[in-house]
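There are two complexes below, and they share chain A, which is joined by chain B in the first and by chain C in the second.
Moving on to the complex of A and B:
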C-alpha cells in the first residue's frame, strides 16, 4: 500500500509520553516512528542497549514502552533480541503461541558502532528474523558527549576537545551502514526525519517485514550534544541530506538504491554552521577543516552513486 | 513472586516487596509522569491558520500532538509537551506559536 501520512498517524502510538529524554531529542522520534510501522494487531518484543533512550524510557517502575521491552546490557541488545526470536520460533513450532511477534533491537551509535558491534554482527550473520535499529546521534550522549566511532571528523566532544592540540575528533566517521551491507542480509537502509516521514516509515516497514535480518540506521540528532536550538531539528536533518553528509539509501538483497538525490548538492558548510560542535571550523585559519570534511563527503557520495549505478 | 503494579511501587518499598528482577508487568506506565513541567516555552495553535496538513504530528518527541480517530489534528497534550518547538518550525502555515510558559 502506498504511504499516506494521515493513515500512518492514525495507527496506534506504541511509545508512551512521560519518558525523560531531553526536550527536542531525536531518539524518541525515531522509536515512535519505527514502532508505528508495525501492522495493527502485531506485537513486538523490543530490546534496548544502554543509552539515553534506555535510561530515560525504562526508569523503574516507569516504562514508556507499550510493547514487551528487555534491557540487558550495553553491548548485547542484538544478542538478546536474537535469543528471544529463537525461543519464539521454537514455541511457534511446538504450537504454544498463536500471536505474531516482531523482534526489534534499538541501540545508540555507541551501543551499535562500537560496544555492541560483535553481538550485532553475530545476530545479523545468523540471519535471525529481526531488525536492528541504530539511532545515530554521533557520540556517547548519555554519559556526557564522548566521541564514538560514529562521531564525524572535527566534531568537538568532551573526549576530543578542539583547541591548539587537536582540531576536534581526528578520525573520520565509521561507515557502519556499508559494513552491515557486507553481512549479506536481505535489507539495510539509512534514513532520517524528512518532510512527511515517508522515507523513514517505508524503510522501517520493509525492515520489520522483510523475512530475515535487517538493519536500519536512523540519524537522530541530539540538540544537547550537537549544540543547536532544539526547534531546528528538521532543518538540521534536511541540511544533512541536502549536503549528502547523510545520504538516504537502501540495499535490498545486496542491490543499492538511492532514495533521494539532491537537485543541488549543497556545500557542507550549510550543515556544519548550524551546530556548535563544528563552530571552530569557521575560525580564520581553519578553512582546511571544512575542505577536508567536504572532500570526505564527496568521496563517499561518489562511491554511493557508483554502487547505485548512477 | 510479587506482581505489583507500577502504582504500588515507590521509593519506600522494601526489597522483599519489589518485583523480581525489577520487572514491570504493564506497558506504558510512564504516562503518570508529568514532563510538561519542564517547559519554559509553550506551543500554542492558531486554529484559523491550521490547514490540517498533519506535518507537525510525526515530529513530536513527546507524543503531544494527537491525531484523532477522524484523522484530525487534536489539541496539544500539555501534560507531556516539553516545549522543544520542533512542531512550530515544522508547520508550513505558521499556525504554531511558541510563547513564554507562565506557571
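Moving on to the complex of A and C:
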C-alpha cells in the first residue's frame, strides 16, 4: 500500500497529548510517528529509558502511554525490552497468550550512544524481536544540555562551553548507526522529519515488522539545546539532510541503501548557521572550524556513497 | 519420603529451579555462582524445562531482563555473586520498588579489592537496604529448601527475594541432600498468577514519583517487608509439614540456658555447632542464634533469645567500615536497645573475610572472649577481628 500522509495521521494516536514535553520538541514527534506505524489491532509494549521523554510522559499518577509502558533506568532500556519480549515468547510457547505484541524501546542519545550502549549492543546481538529507537538530539538535554558522544564537533554545550582556549566539543560525533550495522541485525535505518514523513514512517514500519532486532536512529532536534526558534524544526531537519550532515539511509540484511541524495549538496554553513550552539564558528578567525566540519561531513558522505555502491 | 541425592549447593539450587520450571532466566557468569546458569541452560537446551534463557552481557542486564519479564507477568530468576551483585545493585532497588517478586540465587563471595573469589558476605550485606527479602543457608539442604520456599514468600508480599548461600563452602562442596518430588514441589510453589502485567491489559510500570508520592511508595515497601515475617514463618511451617524440615526466621541452638551466645549467618553456623558441642561437654553454657532471614530482620526473635545471656558476640562476615562494628551487630544492638534490654554485654566480631578459614577453634576463641566478659563484667574492645595478623 502506497504511503499517504493523511491516512497515516488518521491512525490511532498511541501517545496521548497533555504530556509535559517542551513545545517544538522532536522526541514526541518521533515517538508518535513510530507508534502510528503499528498495524491497527496490534499491541505494543513500549520501554523508555530515563530521559526528558520518560519523566514528562509518566509522572505518577498520570501516564500519556496508551500501550503498556515500562521505564526501568537510564542505561537499560534495551535489556529491559529484551526481558519483556522474552516473557512474551515464554507465555506464547506455553499457550498462555493469544494477542500479537510488538516491542519498541525509546532512548535519547545519552541513553543509547553512551550509558545504554552495552545494554543495546547485548540486546541486538541476542537478536530479540524488538526495535530500538534512538531519538537523537545530540546532547544530555534532560540534565541541561551536556555533551554526549553524539554531540557534533565544535558544538557549544554546558560541559563543552566554547571558551577562549577550547572551542566547544573537541571530538567528532560517534557514528552509532554504522556500529549497529556491524551487529549484523536484519534492519538498521537512519531518518528524521522530512517533507510528508514518508521516510520515517516507512522505515519505522519496516523496523517494527522485520522479524528480529532492528535499530532506528531518528534525528530529533531540541530547540532549547540547539538554540533555534522552535517553529523552525522542519527547516533544521531539512538542512541536516540537504547538507548531508544527517544522511537518510537504511541497511537491510547488511546491504546499504541510500534513501535520499540531494540534487545540490549544500555547504554545512546552511545547517550550522541556524543554530546558536554553532554561532561561535562564524566569528572571524574561526573559519577553520567550518572547514574542518565540512571535511568530516564530506568524508562520511563519500564513505556512505561507497557503501551504497553509488 | 524425599529423594536421597548428593549435590553441590549450586546444583541443588539449579535443580530446585528446574523443578519449579519458571518462565524466564536472565543470567551472567561469575564465580562461584556460574554453575547455576550452566546447569540450568543444559536443562533448557535439553528441553527439560519450558524456561526461556537470556544469556545477557552483564549482571546489570540480567536484573534488567528479569524486571522486564516479571513486569510482563512471568516468573523471572537469576543467579550471581560478588561484584555481579553490586553491579546489579541499581536494578535491585528498582525491582523492589516496582514490587516485582523476582528470585535471585546468590552464592556469596567477597568484593574486590583486593580481588578475591572466596566466601564472605560483603556482597549480600552491601545490598541489604535494597528492599529485597534475604534468606541465608547453612547447608546445601537449606539452600535447596529455601529456594523452594522463595517464590511463595516473595509473591505473597510482592517483594523480590535473594536466596543466599556461602560461595564454595556450600556452593561447590557436595553434601547428602534430600530432594522433594517434582510434583510435590509444583503443588507447593503453585502457579504464578499476578494481578496485572504488561502483556495483560495496558499498564505502566516505573513512574516518575514527585515528593508528593515517593514517600508513600517507600512506606508501602516497608509494610511489605514487615508483613513478610509472618509469611516466612507460615511458608516455613507448611514446608515442614511436607518434608519434616520446618523453618522460621532464626534457628536457636542450645539457647535455653545459654549464658554466652553468638549470633551468626550461613555455613559457619555448622562450625559453631561443633564448637558449642565441645564446650557444652566441658560444662559451658554456650549457645548460638543462626539468622536465616536477614531481611526482614528478626528483631523480636533475637531480643527474646538474647535477653537472658550475660555476653554475646555478633559474627559479621563483612565489615561496615564505620570504625566501630559490623552490619549485623548494629542491627542486633539496635534491636536490644529498642526493646529496652541492656543487660547482655555484646561485642562485634569480624571474621572469615575473603575465605579466611573459620575453624572450630576460631569459634571457641570467641567463646573464650565471651567467658572473660561474662566473668569480669569488663567488655573491653567491642570491635574485634578474628584470626587476623595485626
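In this text, the second predicted complex is superposed on the first by the 310 of 310 C-alpha atoms of A that agree within 3 Å, B and C clash if a C-alpha of one lies under 4 Å from a C-alpha of the other, contacts with A are read in each partner's own complex, and residues count from 1 in each chain.
Methods note: a residue touches a chain if its C-beta (ideal position, glycine included) is under 8 Å from a C-beta of that chain, and two chains touch if they have at least 3 such contacts.
Values in this document were obtained by computation on a predicted structure and should not be read as measured data.
**Q** Touching A:61 in the superposition: chain B (first), chain C (second), both, neither?
**A** Once the two structures are laid over each other on A, A:61 reaches both partners.
**Q** Is A:45 touching the first partner chain B, the second partner chain C, both, or neither of them?
**A** Touch status of A:45: second partner only.
**Q** Quick check for you: in the superposed arrangement, does A:166 touch first (chain B), second (chain C), both or neither?
**A** Neither partner.
**Q** Taking the superposition as given, does A:182 touch the first partner, chain B, the second, chain C, both, or neither?
**A** neither
**Q** Is A:94 touching the first partner chain B, the second partner chain C, both, or neither of them?
**A** It touches chain C, and chain B stays clear.
**Q** Using the touch definition from the top, say if A:233 reaches chain B (first), chain C (second), both or neither.
**A** In the superposition, A:233 touches chain B alone.
**Q** Return the residues of chain A at which the contacts from chain B and from chain C coincide.
**A** Touching chain B in the first complex and chain C in the second, residues 59-61, 63, 65-68 of chain A appear in both lists.
**Q** Quick check: in the complex, which residue numbers of chain A touch chain C?
**A** 43, 45, 47, 54-55, 58-61, 63, 65-73, 75-76, 79-91, 93-94, 97, 99, 101, 118-119, 121-123, 125-126
**Q** Considering only the defined contacts, which chain B positions touch chain A in the complex?
**A** 6, 9, 19, 22, 24, 26-35, 38-39, 54-55, 57-64, 67, 69, 71, 77, 79-80, 82-86, 88-90, 98
**Q** Given the complex with chain A, which residues does chain C contribute to the contact?
**A** The touching residues are 23-24, 26, 50-52, 54-58, 60-61, 64-74, 76, 90-91, 94, 198-199, 202-210, 213.
**Q** What does chain A use to touch chain B in their complex?
**A** Its residues touching chain B are 5-10, 13, 15-29, 32-33, 57, 59-68, 193, 195-197, 223, 229-235.
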